[in-house]
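In the two complexes that follow, subunit A is the common piece, with subunit B as its partner first and subunit C second.
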Partner chain A sequence: MINLHYLIGLPIIIGIVLFIIPEMLKLLKGIVTVIITIITLYFSITTFQLDNELARLVCFTFPSLTKFMDFQIDYLSKLIVLFIGAFGFLFSLYSLSYHNRKNDLTNFYSYFLITLGAAFGAVLADNLIIFVTFWGVLGLTLYKLIKGNDEESSSAAKKTLIIIGASDSLLIMGIGIVWMLTGTFNISEISLSTTGALPNIAFLFLLIGALTKAGAVPFHTWVPDYVKSAPASSSAFLPASLDKLLGIYLLARIIMNMFRLTEWATLVLMIIGGITIIAAVMMALIQHNYKKLLGYHAVSQVGYMVTGLALGTPLGIAAGLFHMVNNALYKSGLFLTAGSVEKQTGENEIDRLGGLSKAMPVTFIAALVFAFSISGIPPFNGFSSKWMIYQGIIDFGKGSGIANNLWVIWLVMAVFGSALTLASFIKLIAGVYLGRQNPKLKKVKEVNFLMWFPQLIIAIICVGFGIFAANLVVPFFFERITGKFDYIGIWKSQSVTILILVSIVIGYLIYLWGNMKKHRVSDSFIGGEKIQEETEFSALEFYKTIRTYKLLSFFYDKAEKKRFDLYNIFKAIVLWFNSLFSKAHNGFLPRYIFWYIAGMLILMIVLVF
Partner chain B sequence: MGKEIFYFLIFPGLLFSGVVGGFLSWFDRKITAKVQFRQGPPLLQTLYDFVKLLNKETILPEKGSRFTFMVAPIFAVFGAAISAVLILLPLLNIETGFAGDLIVIVYLLNIPSLTYIIGAVASANPLASVGASREMKLILSYEVPFLLVLTSIIIKANMTIKLDEIISYQVQNGAFIGSLSGIIGFIVALLCIQAKLGLVPFDIAEGEGEICDGITIEFSGSTYAMVNLAKYIMLFILPALVVGLFFGGLNFANINILWSILKVVLVVLLLTLIRNTNPRVRIDQAMKFFWIWMNLFAIVSVVLAIFGL
Partner chain C sequence: MNSLIPLFVIIPLGSAFLMVILERFLKNICKVITPFALLSLLILTLHFILRVEDTQIYKVGGFEPVNGIPIAIYMVIDGLSKFVLLIISLVGFFSILYSLSYTNQYTSENKFYVLFSLLIAGMNGVVISGDIFNIYVFLEIAAIASYALVAFGVEKQQLEATFKYQILGGIASMIILMTIGLIYWNTGTLNIADIYTQISNQNSLFLKFVSLLFVAGFGLKAAIFPFHSWLPDAHSSAPSPISAMLSGVLIKAIGIYVVFRLFFNMFPLSHEIAMTITVLGTISMIVGVLLAIGQWDLKRLLAYHSISQMGYVIIGVGIGMLVIVTGGDKKIAALSIAGGLFHMINHSVFKGLLFLNAGAIEYRTGTRNLQRLGGLAKFMPITSSTSFIASMSISGIPPFNGFFSKVLIIVAAVRAGYNWIAFFAVFVSVITLASFTKVQKYAFHNNDGNKWLKKNIKEVPFSMSFSMIIMALLCLGLSFFIVPEVRDIFLNPAVQILVDTMEYSTKIVGM
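This part shows the complex of A and B:
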């Protein structure tokens, strides 16, 4: 399997070699990276065309390891490999221009390539030991792809490492239990039912591993902090796209291959999905930082994928996986636009931006497409997958389980989450691209080709996936994984797209028919008064009303103090134990003499009796 | 494809629903005038308004994105017309590929509101921004009760989300308005539509007295004509959707045509009467009203529907 060597081995080896090249030659490193990603893209495409098989790689250096080197090439892993390859190429192109400053992240390209190779490895591995090895490498590179030279980013990096590390250790324990129960490490040979204590614990541990990587509530808290201080290319590469692909990939493997879910397990997953959608998007609504807002959406969207996969029907699983791919596309695209805006203006705070649509037209159009996609506006791709998820939920409601009977709740959560997503993106688009231009941003220009090209490509894919969803994209990529299924609704995306074009023509004709040539340009009308340059209704004020409601403000206050953050809760517990133990070690001699005597007494008592 | 373009542009899409919507708008204004002891406009007033607006000088915003501002009304008309096709084809019992998926309709019906918001923020007018934020909050308010009503309909119609099947189910088993959950659902749906159309008491996004028409303040001439066209269409298709969901659709065969017209006019009459007898509420009051009371009503309707009432 020559493909596997190129996909997994090549990026990792070149990545390690790039450590040797000094940072002075950053451009050279970047070009090498782009070339490598083109090669991996080529091999990911050829891998996609391969037949399904269980490949065994020969390990030349350690022949005894060969028996572990099982790699699974099936429709699911091929799909993920294809998208990892595409994202790797686009982001390396973007980074070439984004990372051209000095004092930037050191060894970015090395870690980028290692991440790429490890991601391919994790997806293709059939053996859980190999899988978890690559998986662990990804946690480490995530930590190294953030700068960590100021307090905020270093604490974010630390938090990420600890959360991911903790979840990985649970994952390893879960794998251990699975081995204990089945006696095999090969995913393809495992089939457990979630009945009884041990399989349930194993299921839970594996689930935590997958959901932490993907970033679902309550294991999500690293995502917003990480993306706020990490460079946009890192955020687009890992938390926005690769971590989603991998986390949901593992979840899909757990649900489809390794475990058979009981209705209670389904219920747990549906609750996690629903709460993730609503809680994260409610937080996104009140954010005032471009990247952090996107970070909360990166969490919220996971809820849809979890919901889709938890349905367990072919329609639901296909919808969840389709949403995973769509989300990886538009979310990473959004991070790229955030990076472009940041690079051209040096700003991330929404209130210091504004009116950039004229200065940065391509970025604006791309951001608009991504914003509409993520909010599920027809006919973009986000709508197609959400529509499939809604149908899946209604279809699921026909069944008779505990989770099935509650289908109305899941449906309302999903649709309402989508409306809230739209609301927060209206705020983002209004605050950054539309509205009055901030006078300080007069000289801002569009980013260069290397940066807008990836944005544009991803935007075009978003539109294309939306238009050709039901009759091309879903049968080609997803129906092969889950098997054929029927839709219960009707959505003719192509006809609607043609009608959109027709209506644009008609609208243009109506404008021509009307007196459009005789137009006049004038500043805003505010009731007859002359408008001042500073007069503005900031986009940040849009949803202040929601923030002030009694019940909601209670949750918001707690959330802003990070009371719901598992990391902070555990930190508080650990620190409490610390302070408890440190009372015993206060450095005063009488205290130590007391321990000494007390210890002697206890020893005597033990020896006497 | 030519068939679909015909549906979209002529019947029952843009032209048909625009004309009917125009007459309904006249009806609305006439009733309002009668309530206020005035004479009211002549029958073709909406047409005069539309043509006059097209010939008026158009003023474009100096700051902000002019292109986005001008494209937004086109998409408003598109959203209204495509919803008209998806709602009216099943209602008129015309057999096509467009069976009217309820989820799709919910999403398409939000497009006009969305485009007003985008147009408003693109105009860079602070008052328009206030209006835009209110419109968005209004969408957030009525989205959940409206969806809950739809789920109660879906439950009553044996878990189908296709509008034509919902209507044929009612034709066989009696209209949903005849049941308890149907009555409650109808009240909720009516108020949601009131908010969707931006009529008093939910004309908060326009707020003539305080923010000078807010969300549409910057639209003028041709752009405003397009916004109005979208509003006319919405004034027809939203009541038509309610008729489809609760009154068993329309029937244009022989004498039934009168009865069908009466159904739509009745719903519009209710909307008009509500708007003429109520003062405007504040946005936070509207949100509380929908989030607490309307949701409660809608949940009751869903629960009753589950028990088959």
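This part shows the complex of A and C:
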């Protein structure tokens, strides 16, 4: 069990030690962090070889705590642990170069390591109280991984912590109800059916905890705000990868281990999944900030995972988990590219960027791979998991529940969402990397090795997971979690890849032989005028038509005023109560005395008489 | 007989009188005596907690009971008193360390220390008194010292606050004294243990009436809704270390502690009173936080949160009381009470620290209006990080202490079947978090803070930052109270006193 000590304890302890080292030695802190992440990566790989069991850590200082220290090692937790370890290593490398500027986020590496250890702890813990403790620490580090020296970022941090904290509090309440119903805090011993009021409330509260962490509608509103103003490495680390892994992990535990879902619970989950896919991608379409656009996609993709898991069939759950892993890969990769672009150009707004493909070739290719993956284009990994989800939904339609009968709706939502994703990524790629180069960006260069290497590795994994999905990846990682399942369609990822490669080669040959290279290049003639900047091809202009479309603009207007944001709705209600109560506290002594006497009399009347 | 017990009153009271005389000859003597007095109290308390088990009493004058009826004034130290004494001396010691630099801004510094010692003497006296009349006497010592300390800055706002505080406090004291008289009239004794044996079989209208008068009287001292109205003014106008003492300790020692002691160990448990306390606690919790979130005056915001956090303590213990009364599982009752008491010590540490932080901010920038602050994280790193820890503690974010006590309270409330109360506790916790992220944002972040460059703002002096750091470490360290081994030493003796309601009187009457 030495693995668990290293995975959970080591990063947290070193993280705390790093607080003491002054900020001047940032590079040293970074190098220590990279070394620690290499160690945890090694142990997270070796965890994969351990037997599946409920490991109990002996707590020497406080023997009575030992009975709480159960850690669940099964294929699900192994999978998540492996990817947390991998992401920890890649992002620490990236941060080494990304965070080298002066006056940057303080104590980044401390919080980074604590996050890593707490994430391992949350995934492995079997006792719900231990679990929720680690889980809560993740909310705290999320809050500290954003710079708070301007209005926007400190508001985003505040909003994030409030939403995450609220969901955690409900989670605790849910855990309390589960304890009352079953008499145990151990996930492995809990088995509840969602019938009756209390189990349903417990289910709902645990669900809110999971979905808020993962960022599903309507608890998603912290994600776009957070990623817009947080450093790219923080965004890639928590909202894009770890929070997704953990949120969906909890959802999987709820669905697979703790609760048996009734058809209504399935329906609720399917609706949340479907709405998440569509609503978030519609918002993503109209964004013109690189990071914020990615933030909305980070929400939208959660819809697929929720949909997959909600299906409840082995195929569906495997698809959902596969999509979770894929999404963590390409989404964090996309954030890394956004960070690279931001670091080299100092710019996040898509319309001020453009034509970076030549200056930053590795970043461009990585971004292209990620964009294809997220849009579900074969043979990349995003396609594989989406294809499994589609199959799962069709298969699900054979069932007899309410949600099963509506399978066409879920399928349409999923496919349509995928198309819209592609549309918005065409805008991103075209706006940032293609098109005419902005004259101000002439001097931009590729980022250094430490920054492009993680992007490249993640891109290679994305391609690899896509190509070898059906034969290697799914059987190795996912069938072991859910049990064996059959595809209802055909999916031979390798042969399809070969077909695609062949068609690309043929296309290139036609391009070479067809004399297409000798096209004529000249400036467009506009009455003798020189080309102005406004007449340039702009990726953004095209998408403005969506924004002004009548029916949609109604929703967009409301959404931009944050009318659908639960955070703002509750804020307004609470502040209304505040003003109401404040009016009563006007500082007049006679009134206070009156209250005192009146309160006493009311108590007397209620109780004595 | 344990002759160390009177020291809890003698040390602070003696040093107060000594200082009045000595300060005429030695100007800085107060700054030496008070910290040492508090330190010795802290050591004494730890001695009692770690070395002395079981209930200890001291009979003033050495009069033995006649026919089993106690006639001497009893000073009693049991699990609950030890626990509250720990709170008093812990927060008191760090507040006084902090004051060493903070009081530089006042002209008659020495009087501050004299009044501070009197405050401590009063609170210690309330906690170790074994009879209700002495509780009243010491309560008045503490209350009058606090009236003077609230007004210590002698500015308009402070005088107004202390005036309100005095009037309302006076009404409450009067009610308490009258009730004590009524009880004496009925039972012929003032000793808590003896009163219990006299009235334990009664369940009359008289008892209900007297109980409610006590709720109203001590409810004001504890700032329970609807008797809370004095608190925001008084606690926000006092000098910051005093605010820390008032919010962190005073409302507990002379309010909550007495309520618990009387309703568990003196009156026979009754469902109505348990329900009243729990309901009032729930309302205080909600009203307090809803009032707090809109405040822009930092200390006023903190003061309103004290009302709300006291609500947590009360519902924790109140639910325990309800469970005992309805004959439920004693383990659940113990869990709930442990949650409440745990939150009590947690609250005194983090709220004390938050007031010290507010004082540090005011000390350097001269304002505590959140709208005029911002960007201080860069200039006051210690204040900023300790305040962050305290804010997260009060909001119940792990791994800080507030999280664990809130988890205990919520989980126990659900287990006992009070789902709505648990839900309100969750709701209040969220709004608490919201208002403390607001504090963090507007005080320490929100802008780059370049306006402070001109004013040459820097970190506060050593004695202030030192006590803030230690209090912040305590916020982390108190989390270990959740561990059963540690809980057995510090928390469980106190819980046991409340769960086994009869033990107290049988033990004391027998001695």
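Operating definition for what follows: the second predicted complex is superposed on the first by the 557 of 609 C-alpha atoms of A that agree within 3 Å, B and C clash if a C-alpha of one lies under 4 Å from a C-alpha of the other, contacts with A are read in each partner's own complex, and residues count from 1 in each chain.
Basically, contacts are C-beta pairs under 8 Å (C-beta built on N, C-alpha and C of every residue); 3 or more make two chains touch, one makes a residue touch a chain.
What you see is a predicted model; the values in this text were computed from it and never measured.
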In the overlay, answer first, second, both or neither for which of subunit B and subunit C A:129 touches. second
Per the contact definition in the header, classify A:175: touching subunit B only (first), subunit C only (second), both, or neither. second
Please work out whether A:511 is in contact with subunit B alone, subunit C alone, both, or neither, and reply first, second, both or neither. first
With both complexes superposed on chain A, which partner does A:608 reach: first (subunit B), second (subunit C), both or neither? second
Look at the residues of subunit A and decide whether subunit B or subunit C touches more of them. B
So, does A:595 touch the first partner subunit B, the second partner subunit C, both, or neither? second
If you stack the two complexes on chain A, which partner ends up touching A:346: first (subunit B), second (subunit C), both, or neither? neither
Mind working out whether A:64 is in touch with subunit B, subunit C, both or neither, as first, second, both or neither? second
Touch test for A:420: subunit B only (first), subunit C only (second), both, or neither? first
Note which residues of subunit A are touching subunit C in the complex, please. 62-65, 129, 132-134, 136-137, 139-140, 143, 148-151, 153-155, 157-158, 161-162, 165-166, 169-170, 172-173, 175-177, 179-180, 198, 571, 574-575, 577-579, 581-582, 585, 587, 589, 592-593, 595-596, 598-600, 603-604, 607-608
With touch defined as at the start, can you tell me which subunit A residues reach subunit B in the complex? 355, 357-358, 364, 376-378, 383, 387, 390-391, 394, 397-398, 408, 411-412, 415-416, 419-420, 422-423, 426, 429-430, 433-437, 488-492, 495-496, 498-500, 502-504, 506-508, 510-511, 513-516, 518-527, 531, 535-537, 539, 541-543, 545-546, 548-549
What part of subunit B is in contact with subunit A in the complex they form? 1, 4-5, 8-9, 14, 53-66, 68, 70-71, 73-75, 77-78, 81-82, 97-104, 106-108, 110-111, 114, 117-118, 121-130, 132-133, 136-137, 139-140, 143-144, 147-148, 151, 154, 159-162, 212, 217-218, 221-222, 225-226, 283-284, 287-288, 302
Quick check on the complex: what are the subunit C residues that touch subunit A? 163-164, 167-168, 171-172, 175, 205, 208-209, 212-213, 215-216, 220, 225-227, 229-230, 232-233, 272, 276, 287, 290-291, 293-294, 375, 377-378, 392, 395-399, 403, 406-407, 410-411, 413-415, 417, 419, 422-423, 426, 429-431, 433-434, 437-438, 440-441, 444-449, 483-486
